[in-house]
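Dropping the structures in below, format is structure tokens.
Across the two complexes that follow, chain A remains constant while its partner is chain B and subsequently chain C.
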Partner chain A sequence: MEEDTVANAIQLFGNVSSFIRKFIFRILSVGPIPNHIAFIMDGNRRYAKKWNLDLRVGYKAGILALICMLKYCMELGLKYITIYAFSIDNFKRRPEEIQNVMDTMRDIIEGMLKEESSIVNQHGVRVYFIGNLRLLSEALRAAAEKAMNVTAKNDKAVLLVCLAYTSSNEITHAVQESCNDANRACHGGEKSEIKEEEEEEQYPIIKLVDVERQMYMAVAPDPDILIRSSGETRLSNFLLWQTTSCLLYFPKALWPELGLRHLVWAVLNFQRRHSYLEKKKKQS
Partner chain B sequence: MDLEDEVKKVYRWIAKIGNLGLRVLWYILHFVVRICYFAHGTARVLESYLISCGLLKKYKDLNLRNLQYLAIVVESEEAYQTPKVIELLQWLATIGVKHVCLYDMEGVLKKSEEAILEKLSNATLFKVAGENDSLLDKEHIILEFASLTDGKEAVAKAANLLFLKYFKSGNLGGDEEEPIFTEPRVAEAIGAIGCPGPDPDLLLVYGPARCHLGFPPWRIRYTEIVHMGPLKSMKYGSLIKAIYKFTTVHQNYGT
Partner chain C sequence: MEEDTVANAIQLFGNVSSFIRKFIFRILSVGPIPNHIAFIMDGNRRYAKKWNLDLRVGYKAGILALICMLKYCMELGLKYITIYAFSIDNFKRRPEEIQNVMDTMRDIIEGMLKEESSIVNQHGVRVYFIGNLRLLSEALRAAAEKAMNVTAKNDKAVLLVCLAYTSSNEITHAVQESCNDANRACHGGEKSEIKEEEEEEQYPIIKLVDVERQMYMAVAPDPDILIRSSGETRLSNFLLWQTTSCLLYFPKALWPELGLRHLVWAVLNFQRRHSYLEKKKKQS
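Our next item is the complex of A and B:
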């Protein structure tokens, strides 16, 4: 009996919280809502240390916070959400820790592969894994590619998971691919017959749009807001190319502590500066 | 039919009143946010005054060992306020900052380069100073000017440079292996084309929003970014506080 009462109370509390949250989102929706938010999920290890928890528990708390945040973003009407799951720089960590993170990633991806029951499929979310996936293990890379295929038909929202990613690696890759493309174009067909004088007139061969097309993040528009938790005020080699006119928000809360109030505050600040940021977008 | 129409009318009225109510709540919410920022701004001004007067001991002696290079991003409309920019640079020189990169999107600061260097007797351009250590004496400042064209467009130019150097020079055909570019090689090409300066340790943004406005992306990988508010209301104490906070930061670079 008591257990039923507690369960009912928890359900009631959940329903009331959900109602209040949706009401707050209705109010926010009077103003412009961002199309794309990116998150640097910093602070899982510090959270574990703060509460004397095992590191794996810290990462699990981080996943719960991520699921809540994704749910809030989708309720608010965001179309694109990007998360910085694992940086190339993180390969410098201790092997056990890297293994912990990779195991966590594998569990998440396997969850996505359960077609009917996965959260991403229930909410119509298409998933992209962004980064130099060749640096991952064969098994993880295969699982990521499978998850991308399984969710390819979803069209309600897009989740971009940056894995084995840094901006400098992305820019290098884009420069490489645009040079390779230009080389193939030069040697395939018409261009091979171009005379030297004509070739000089066509310089530059590689334009900015050619480089941008080859960016890993070319599948999504630039983010409107970038949120880094734990109070650090740097981008740590994340989306440096894409954040020209992006509002940066650095709340002090550790990632597992990040909640609705932080998202609401970020959106309110975005609305305050929306016309300015739109102007900057057009200029860039 | 009449009853149905009446019911629809009532629903429309309720929806209109509901939307109006939401709009009012939205304005109230934003008003509350403004009050919060006003209160926060007032506290910052007071704190800045106390720091400027030297009443807060911890800000007195700044250890600038980790601050080798500072970048300032200014909103282009505010960048026309050359006297304010000069005053800011004079403060930085007094504090002991040696290298500063001034950036704005539209290149307004680049156009004001001569006027700025004329007013600052202790400033030299980065491309002129080079590796000249004698200029690193007290209150001398080395300046670099950058704009949006030194960012993404510089990367595209670097791609062309690499293409001409590694693809065209060897006249690679379809069967030959394409050269592989590494990050250092791309960085070298970008340095040759765009801003040759090092990565700033700290980037101060003077403008309405915390946004780097297209500062050369290659150079802000691990840069601390601090929003200072509009240039017209810049305060010496806030500058000291931002630099002090930077000196207390510890980075683990992904480890």
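Our next item is the complex of A and C:
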């Protein structure tokens, strides 16, 4: 009987929260809503340390916070969400910690596809894994590829998970691909009549759009807002190319503590600057 | 007589300020001092508007603030200072405004070289102009090139002035140069015996270091701190490649209002995170 009362109270609290949230989102929607928000989920380990918890519990709290944040973003009507899940630099951590993260991520991906009530299935989200996926364990890479194939027809929203990613790696990879394309275009045609001395002048020109087309992140527009939790005011090699005109927001809360208020604050700031930023975009 | 009193009072105030500043810097120097700070000097036009001043006066106030900031940085013992003077995107402003900025900059450069008491001559500063200088007016480009030649032997500190600069342009330029180098290396040797079919496999590999070497900013290490005035939390296509691990600081003050307290605050924040950032660097 007492359990029932507690359950009812929790459900009532949930309903009231959901009602208030939807009310806030309805008000926010009067203004422009960002198209794309990117998150650096920093502070899971510090959260575990702060509350004397096991590292795994810290990561689990981080995942819960991520699920909540994704839900809020969907409710708010965002089309693109990017998360920095694992940097190439993170491969320098202890092997058992890397293994732990890889296993947890594989579990999440598999759970996400199986459960009908998961964010992906409930909201029709297409998932992309962004980065040098060849660096991942075979099991995780297979799970990531499966998730991309299974969700390929979803079109309500797009979740971009940066795994084994750094911006330097992305840019170098894009450059290499643009060079290969340009070389192919140059050498593919008739070349036999070009004189040796003239060859010096025949280097193909690579344009900005060629490099941009080859970026891993080319599947999405540039983010409007980048949020990094835990008060660190650095980009840590994340979306350097794409954050040219992006609003940066560094709340002090650790990732598992990040909540609705931070999202609302970021969107309000975006709305405040929106007309100015649009004017700038039109100039370019 | 009265004028003398005022002049004495001003001198006394200047001496006291200088003494306090040196005292603060002495205390700061107990901790690590950043090697390189970059500035986005945002808010000159808003400053003019705020105080109902002519645009030219706004820019002049900005230049005064810049001279003070450079002086503080030199006194603090910084080796590299970078400023974002004019973006490629700024060429979209009204022609008379562009002309005004170009003329002002030429005057500054010429004055800087002539006056013995200028920051450059007084502190032995080497000046680099960073960006696509071909986009500048001929007179300004000539002045910039002269300044680089005249200061080439100065070695106490380095001032990098980003003129006609954007990061996308810098990266694309570096990519193009790396490709040319790679192509030269590939085609320069003996190639006559390579079979046609094998040529497909002969595309030169371009590495991260190759691209980095070709960056305009390769003459300096990556900045430790980037400060953008006027509360705008965006990078606006400035040093995107170089700010991977850089601390970002966005004080609300407009550029002409930026002062010693902001510099001290930025350095204190740098010192607070220094051991953590050093540990990260050693891991890479």
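Note that the second predicted complex is superposed on the first by the 259 of 284 C-alpha atoms of A that agree within 3 Å, B and C clash if a C-alpha of one lies under 4 Å from a C-alpha of the other, contacts with A are read in each partner's own complex, and residues count from 1 in each chain.
The rule is simple: contacts are C-beta pairs under 8 Å (C-beta built on N, C-alpha and C of every residue); 3 or more make two chains touch, one makes a residue touch a chain.
Bear in mind that the values here come from a model prediction, so they are computed numbers and not experimental data.
After superposition onto chain A, partners chain B and chain C are found to clash with each other. Shared-chain residue A:Arg26: touches chain B; no touch with chain C. In the overlay built on the shared chain, the residue A:Ser178 is in contact with chain B and with chain C.
Touched residues of chain A were counted for both chain B and chain C, and B has more of them. Once the two complexes are laid over each other on the shared chain, residue contacts for A:Leu268 go to chain B alone; chain C is not touched. By the touch criterion defined above, A:Lys114 lies against neither chain B nor chain C after alignment on the C-alpha atoms of chain A.
Of the two partner chains placed by superposition, chain B and chain C are both touched by A:Ser245. Put simply, of the chain C stretches 8-16, 80-88 or 134-142, the part that bumps into chain B is 80-88.
In the superposition on chain A, the residues of chain A contacted by chain B and by chain C overlap at 89, 92, 167-169, 171-172, 175-176, 178-180, 182-183, 187, 203-208, 211, 232-237, 240-241, 243-250, 269, 273, 280, 283-284. Across the interface of their complex, chain A is touched by residues 89, 92, 167-169, 171-172, 175-176, 178-180, 182-183, 187, 199, 203-208, 211, 232-237, 240-241, 243-250, 269, 273, 280, 283-284 of chain C. Contact residues of chain A toward chain B in the complex are 26-31, 87-93, 166-169, 171-172, 175-176, 178-180, 182-184, 186-188, 203-208, 210-212, 232-237, 240-241, 243-250, 268-269, 271-273, 276-277, 280, 283-284.
Of all the residues in chain B, the ones that touch chain A in their complex are 22-23, 25-26, 29-30, 33, 105-106, 148, 151-153, 155-160, 162-163, 166-168, 172-174, 178, 180-183, 186-187, 208-214, 217-218, 220-227, 249, 251, 253-255.
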